[in-house]
Every structure is written in C-alpha cells, then in structure tokens.
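The following pair of complexes shares a single chain, subunit A, combined with subunit B in the former and subunit C in the latter.
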Partner chain A sequence: MTDHANDLPEATEHRLEELEHGLFTSDLSVNEFLLVKEAGFHPVGLVMGSSIYHTGIQTRKWSQSQELTKLTEAMYNARELAMNRMEEEAAELGADGVVGVRLDVNYYEWGKDAAEFIAVGTAVKAEDGVSRRNKLGKPFTSDLSGQDFWTLSQTGYAPQGLVMGTCVYHIAHRGLGQTLGTTGQNVELPNFTQALYEARELAMTRMQDESARLGATGVVGVRLEEKSHQWGSHTIEFLALGTAVTKTGEPVTLAKPTTIISLDN
Partner chain B sequence: MSVADQSGDARSESFTSGLSVSDFAAVLAMGLEPVGLVQGFCAMQSSSYAVGSLQRNLSPYREARGYVENYQCPHGMVAGEHRMWGQNYEQYWVEETWNQGFASASARMLDEATRLGAVGVMGVVDTQSTLAGAGVTEFHFRGTAVRLAGTDSAPSTPWTTYLSGQRLLKAFEAGFAPVSIVTAVASVRVWAYCITEYLLGGGGISAWSQDASTVEIDQVVRAQSQARALVRASARAQLHGDVLQGVDLIATQHEYEHGDIEIQCLLRGNRARRVGDFVPLRAPDATVRLS
Partner chain C sequence: MSAPFDPTASDARELVRTALASGAAERATGAATTSDLSIDEELNLHAIGWESVELVTGYSMFSTPVGLWSWGQGEIVAAAQAHANAFRMAAARISDEAAAAGAHGVVGVHVERAVHPSYTEVSLIGTAVRPIGAGRVPATRVFASDLSARDFARLAASGWEPLGLAVGASFVYAPRRTMGAVLQQQSQNVELANYTEAIYSARELAMERMQRAAIDLKGTGVVEVKIVEGPMAFASHAVGFAMWGTVVRLAGSSHQNVEPTMVVSLDDAALAFDAATLE
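Up next, the complex of A and B:
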C-alpha cells in the first residue's frame, strides 16, 4: 500500500459504495448526532485510515540531549499516512469534513519495532450543499466532539484540520561527575529542563507550521502528549495535537449561558 | 537560562490555545482573545527525601525546623525492637524543592505570556512527574495566554488563574479579578512509636483496650492535621490581603516501611481581588437530564 490516492483496500470500496447509497454509520453519540445536525451537517459514514509502520532504531549518544530525527519522521509519517487514508475515505463519500477524529497507536506481539497507527472519525457533509472543505480542497478533520463542533460554529469559527507536530527526543544521562556534584542537594537540573523545553517547543512549532499551511487563524484544544513507547525512559515522544480553525465571517450567535441546578443524582 | 528565548517568535503567526471549545467560546464572550499556549518547566533533583531509617533507629531527629513533635513510649524497655520513641517532623527540604520547582516553572510560563503581550493566562494546568528515573521531578505549567480583543495594551505582569471558561466568567460577574495562581506544599514525616506502630498494624485494638472498640491513632491524626495547617498557612502567606478561590487540597500518604510514613499536602487555588460590587446572579433553573 502506498501513499497515493485511491489506494484503499477492496473491502473499503465495497463499504463506501453502500454508504454512498444513503446508509450512514457513525460513532457519534445520540446527543452529538443531534448537535452535528443542528450545526447544519449530517453524517455520511464512519471513516478510518491505518498504517503499520516499522519505526526502527536510531543510535543516541549517552550523554547528549538530542532530537532523534529518524524516529520523529517515522512517527509523523505513520500518523500522516493514517490521516491521509481516512481523508481519502471521506473524500470518496463526498464529505466536507471529519469530526471526532481519534488517533491511536497500537503495538502487537508479532511486530517488533512496528506499530499500527489508526485514525477514525465520522465524515460529515453540509446540508446546504455549500462546500466546507479546507483551503487545500480536502475534507477538514477535527478531534472535536459533536458538542464542541456545534459550539465552535456558534463562535463564528470553522475547523480546517487536525494539526499535529511531533518530536522524539533523547534526554542525556547524567555523568558520574554531575551526579556526584549534586548528591544530597535539591537543585534544578538545567540540562534536563532545557532538553524538555526544546523538545516540546519543536513539537508545538511544527504543529503551528501545519496550521499556517491551512491558512488557519488559530488552533484550539491543543493537547501535549508524552510517551516513551518502547524506547526506555530517556527517549520520549512529544506530540502536540489540536484543531486548526479559521474565522468564517458568519454572524456570531453566542447564547447567553443559563444557570441551572440539576435535579439528577 | 534563556528558556523563554525559545518561545514566542516562531509561534506568533496564529494563536494556539489549550482551551476546550466551550471555554474558547466563553473567552470570546468576555471580550478576550487567546494569543498562545504558554508553558514553563523546571527539572529538580530531589534527593535526601528523608533523614533515613538509620536515624529512626537511633534517636529523635534534632535538626528539624518548623513543626516537630516527639512521642515517648509509656512502657519502659520491653524488647530490642520496641519503638521507644516516635516523631513527627516537617520535611522543609522537600517543601523547598517543590516551591522552587513551582516558582521557576510558573515564572517561565509568565515570561512567555509577557512576551506575547498577554493580559493574563487562564486555564492553567500544572503537573509534576518523575523524569528519567527516580530522583528527578519535572514541574510543568501550561495555560492559555489571552489579551483584550482589539487592543495591544497589556500589564507588566499578566494575571494567572486555574479557572477558565464559564467559571472565570462567573468570577468576573461576581466582582472578582484574578491575580495569580497559588501553589503550596507541606510535607510531614511520621516515625511511629510503639503504640502508633501497633495500631497501624490493625490487629492490636482489642489487646490494648480489652474490647473491640476502635481508637484514634493520635500521632498520625496530628501529622495529617499539621500538614494541612502548614499548607494552608503557606498559601495564606501568598495572598497579601486578597482572597483565595477554588481551592483544591490533595493529601497523599506514602508508607516507606511499617511505621515510617510521609504525608504530603498539595494546595492549588486562585488568588483574586475584589474590583467591583457583587451582582446577584439570576436564580438557576431546575433541570432533569433526559439521558
């Protein structure tokens, strides 16, 4: 399977054909479904993309903090492939976007150093027939829930794409001299602080670069995730994820909140 | 260290925000706009987490400062392993480590916000995690810097608050303005003496009291209440006449070995200042969920 258009498996083509005839599937809850409809969209199908990627290894220097660029590229490309395939499925359905996108990484016993990257979401289409695709002509993607999708539409902003930036970073081990030099003291370790700062900043900057390519006004709901995956405690992946948004120029209809007392348990 | 130098410039084209969409909508309703997700870090070595078990076997720890309380066995010498004395003491070095970690990380977050021309930082989240093995604790603060919509004017020091969205909006409506986040830590070590150690074992109630009634473990209760009192005093010292809102106090207890316990209290809150009259909110509507 390559990263080209229409490289979807045969079974996918069959499933999408059924969806094109009016049946829709969705992992939206009932409340989310209602609010997506309220926002002027209807679901056209559950879409997904996946990529099993060999992340390999990269040599690292014991006493030097550094980005592991090969691993960064692997983690980014694998997610990008999964996202692209999900977008392809959405495009096949004529969707304007995908909401509630979840990006997961799974490891299997049979695949040493390999991981499956999966993107799943619900493709939606505008009911007024006006295209809501992003600047690149692709369906927008977003990890917003149905409720958040509706709320965002009320603020006069529209999602453009789920943007991400990643950085796999090796944090240097401390030498014997450094360790002995601070024994018994409670002190800041500037090398560690600086390394983590740099790694997170790289991830966030890359995420922002993606949003700039979409011509976004901003990114909402940014999450910073950290995982060591299978690399040991000194090698960490920093992943920044958020939904890029643009101002639509449509009237802002923010409802005034109502105070309530719930009578439920 | 020029950690703040790494932020800002490369991320000034568009805004980033850690706010949920609901909180983002509330920010707009308040006449504010997000300018960027800001953050600060500090990795601290936290060694000598206790005076040590050896000390516990010798005599009460005498160099402690702050809260110290000694307990004496009422029985006289019973056996070699009998705990003749016990002690509660404040671990000021732990508190200093955490306070320095909090202060450095939050100051760096504030530096980023100042560089972005923000009036404040809302929705602050702080986490503490063990980094690269034991002995190193990382303090991480992050929040969304905001400015007044349509203006570039900003104070020299932006305010910070854990609140965001509707909760912050309600505080404004009630006449309060955020000043800063407040964090405080208290750490108290318990070295149990014979009675405490016996009661902590859970099986000695009837043997000591000749009946099955439950009894209070005085030494641990004292340590718990003192840790809470210390953390509240530390927070109060940061208020300078303002009020503390939305306080969250988390107490954790870690037993290193039988009768050797560390009690740690972490307090988070929002320092706020009254700037206007209280405007009573509309009476709430009673609701029942259909789901």
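Up next, the complex of A and C:
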C-alpha cells in the first residue's frame, strides 16, 4: 500500500486483492446484476463502510425553534465516515463506481446515543476499460437500484455521487396561550410550519451544495426522510439524499416506452 | 387494480397446455412432483427446459459450549465453527435429498438460521429441479441456490449457472470502554472505535470465508448477498456478521445481453386514487 491516507484494516486489503483476481461478490438481485451488465458494467465486489458513533448532547429550549448544530454535525460526520470507508474500498478495487448504496442507521443496546452508521453497495467497473470516475477522480456512488442505473444510462446521464444534506432541528412547543387561542379553529400553526420549512430547506441546500462540488447538473431520486431517532417528538432529523448526475454527451436514442397494463396485484 | 386471470386468452391457454402436457409426461413415469413454486415460476422453468421434481429440505443444529458468549477477546471461534458446520451439513443434506430424487439442483432455497446462546441451527427448504427428461440420470453435482426459480431461469437465459450457496460468518467480542472513557465521551460527538473495529473484523472474517467458499466451488461471482449484522441479542458486547449468497459462473462462452424493453405501467396512478378518501 503506497497510499498513506488510506486507513483500511490490513485484512480488508488482503480480501480485496482476492476480488481483484476475478471473483466478484454483490448484493445485487439477479435482475439488477443483468441490468448492470446491460449498462456496460461488471460488478467487482460488495463494498461497505461503517462507523459506530456516539452523538453528543445539546440542550434545547422548550419554546425555541432552532437547529441543533452539534447533532447535525454528528449525523453528518458519522455518515461521511461510513461513506468514505466504502469509497476507499471501491477505489482499492479499481472500481469506477458503487451502485445500489444503502445508508442505514441502527440503534443497538450499546448505551444511549450510540448508533451504527453503515453504507453498503456493489462496486462496479466499466467493461470497455474507460474510466467513469467522477470529477474528483473518485469512484462515483449512487443509491440508484440496478434497474434505475440502467434506465439512467439510457437517457445519457451518468451518476457522479451520492449527495446528502442533513439538519437536526428542534421545533418549539406551543405555549398554553397559543394552544387555547386556536382551540376549535381552523388555523395554520405558523411556528410549526416555519420550523419544518426551515429545517427542510437547510437539508436540501446542503445536499445541493454537495452536488455543486461534484459539478453535477442535477440530482435524481431525491428522498427526504424525517426521523426523530431517539430524541423525542420535537427533535427531528431532516435528511435529503439523492444521486448527483451529469450529461455524458454520448449520443442517446431514447427508447419509446411501451404501455402495459399489469394483471397482477 | 386487480384484473382476474383470463384462462380463455389465447396465449394463456397455450402456456397452460404446455405446462399440463409436461406434467402428464411426468405422471406417466409414475412419480408425482411436489414443489413450492408458483405457477409463474413453473412456467419460467419450463421455458428454459427445466422441471420441478420435489420439495427438499436440509437441517442441522450444532451446539456451542456453555459460557461461550460471556466474555473474552477477539473472535469467538467456536461460534463461527458451529455456524459454518451447521450450514455445511444442512446444505449437504438438501443436496443429497435432491440427488436421491433425481434432481440436478435446488432453487428458491429459504434460508433460516438462528444463533442461540447454546446452539446454532440452519434450516434450508427448496424445490429440487432438473432438465426436462433428465429422468434418473444422476447429476455430477447438485447445486443449491437461494435464487427464485424466476431468477434461475433469467440467469440461465443470460448464460450463467448457479453452483451453490456460499456462506461466511464471524462473531467478535467488542472490547469494553473504560468507565473513564464512557464518562468522558458522554457529551461528545465521537466515533466508538471499539465497536467499529469489532464490526470490521467480524465482517472481514465473514467476507473472507464467503469468498473462500465461492472460490472452492469454482465460481466467478456471488449474487444476491444477504447480510445480517449487529450485536447478538443475548450478548450485546459481542457482534456478529453473517452473509450468504448464490455462487455463479458463466456456463457458456459469453454473457448474453437481456435487452430489456422499457414499459410504462399504468397501475400506480389507478392505485393512488381511492374514492373512499373523498368522503
């Protein structure tokens, strides 16, 4: 290993070497496997990054809406650790990218505030030998399924990276006066509306900033997840997650979609 | 939106006739078949020239020493051995049962595994299959695969074949944090290196074992890998990492492209509208 920035365990490097000699592992389904092949890629190995992370404590004011920056940082850093480790494994394999990335947070009985952040995906390599790495020279990452990956490639776009933005936000409780004042009325609750808006905007903006760094022209398959994890009902994490894409410039012949009516369900 | 199956449609009639015809041929030789495949899957199998033979099972249970999980350092070797042995025995039994029934492989294997404090059990159930007309010609090797019959057919059409199941598992003790560290980290954003490292070493050992198994089967790939990881329910200071998948290799000379057709389903929009919500 000449790359000193690489902090993978030694055993990992040994195992990845084995993968470089022809065997591939993958959590892709058979359909996804065939479609990844169809898109001109070959799976090279199942790659993973994980981090068990302890999130700090931040006091919240009962009646104040605010971002909890310490928790935001924790959620962001821990995911970055997991993602970067996964990317390093993919880079070690000489992969062009990672498809079908799953980003999960698991809580176990390891004490309060400790969670496992895990990123798992299948590293792929272009069969024509032309590098498909992103602008930063790293393997692209994408949470698109094999099906979506193939469909995207048909439209002349290429994934650049999985981008995310997160914001942990404390939403103020309503005072007794406010609650009584609106009882029995049809009325918007502006403090809640505003808090949710702001938190969502922060998460989305951060995601867009990440995609701008990759020089992407768009973000597809964006999911906006809201979770309270273990913080109680008024503290919510807004997580925006999507795949940044750019136009490849290769000529595209869009398939004419066929309309079908499924007889299932 | 649910449309009733129309058995009078011309293409459906043809498919059913083909399926029944091959079933009739089977009965003529005196052996009835059992299978947990759906009708669709049976048709898929027939489409590539295979047929179901019998529902087969493999089961194995291995005990682990008392006190194994209580405390220690590094890998819990006996637990990993029990897991590997239970899987190996169960896989051997399901293959033997399939071979005895004259099958060449088992598809759609349901993998059920459980790690208990004092024993590990693995149970496999699947449908034994063989090329139509292979009759009692013994197979040189009987594969067991957790791919569905549909996936098996699709792989075969693309020039790939399953070779068997590869499994890898490892259980590792996570070193305890000192009381001082716990207190110090109480209010901090910090990575818990002890758990992260334990998960990593368990995972590396598990992956290495799965890869070794795949290479031993002369495979070139493992698809649909499933992962079960995390601390053991009964011993949270020990983390387990288990993974398994179907080993495949290219059967023909080259990969056959599937050339998918793009379709737009009209189902979702119809489902999304529910008149009841207007009340």
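The criterion applied here is as follows: the second predicted complex is superposed on the first by the 252 of 265 C-alpha atoms of A that agree within 3 Å, B and C clash if a C-alpha of one lies under 4 Å from a C-alpha of the other, contacts with A are read in each partner's own complex, and residues count from 1 in each chain.
To be clear about the criterion, a contact is a pair of C-beta atoms (placed from the backbone, for glycine too) under 8 Å apart; a residue touches a chain by one contact, two chains touch by 3 or more.
Every value quoted in this text rests on a predicted model; they were computed, and no experiment measured them.
When the shared chain is aligned, subunit C comes close enough to touch A:S50, but subunit B does not. In the superposed pair of complexes, A:I171 makes contact with subunit B only, with no contact to subunit C. With both structures placed on the common chain, the touch criterion links A:L263 to subunit B and to subunit C. With both structures placed on the common chain, the touch criterion links A:E198 to subunit B but leaves subunit C unconnected. By the document's definition of touching, of the two partners only subunit B reaches A:D148; subunit C does not.
Of the two partner chains placed by superposition, subunit B and subunit C are both touched by A:N31. Look at A:A216: by the touch rule set out above, it reaches subunit B but stays clear of subunit C.
In the superposition on the C-alpha atoms of chain A, the part of subunit A touched by subunit B in one complex and by subunit C in the other spans residues 30-31, 151, 154, 257-264.
Subunit A contributes residues 30-31, 144, 147-149, 151-152, 154-155, 171, 173, 182-190, 192-194, 196-198, 200-201, 204-205, 207-208, 211-212, 216-224, 233-234, 242, 252, 254, 257-264 to its touches with subunit B in the complex. Residue ranges of subunit C in contact with subunit A, taken from their complex: 1-3, 5, 147, 151, 154-155, 158, 182, 185-192, 195-197, 199-201, 203-205, 207-208, 210-211, 214-215, 219-227, 229-231, 236, 245, 255, 257-267, 271. Only residues 1, 3, 6-7, 10-11, 13-22, 24-26, 28-29, 34, 37, 39, 41-48, 93-94, 96-97, 100-101, 104, 131-133, 136, 138, 142, 166, 169, 281-289, 291 of subunit B touch subunit A when the two sit together in their complex. Contacts from subunit A toward subunit C in the complex involve residues 9, 11-12, 14-15, 18-19, 22-31, 33-35, 37-38, 43, 46, 48, 50-57, 70, 73-74, 77-78, 81, 106, 108-111, 114, 116, 118, 120, 150-151, 154, 255-265.
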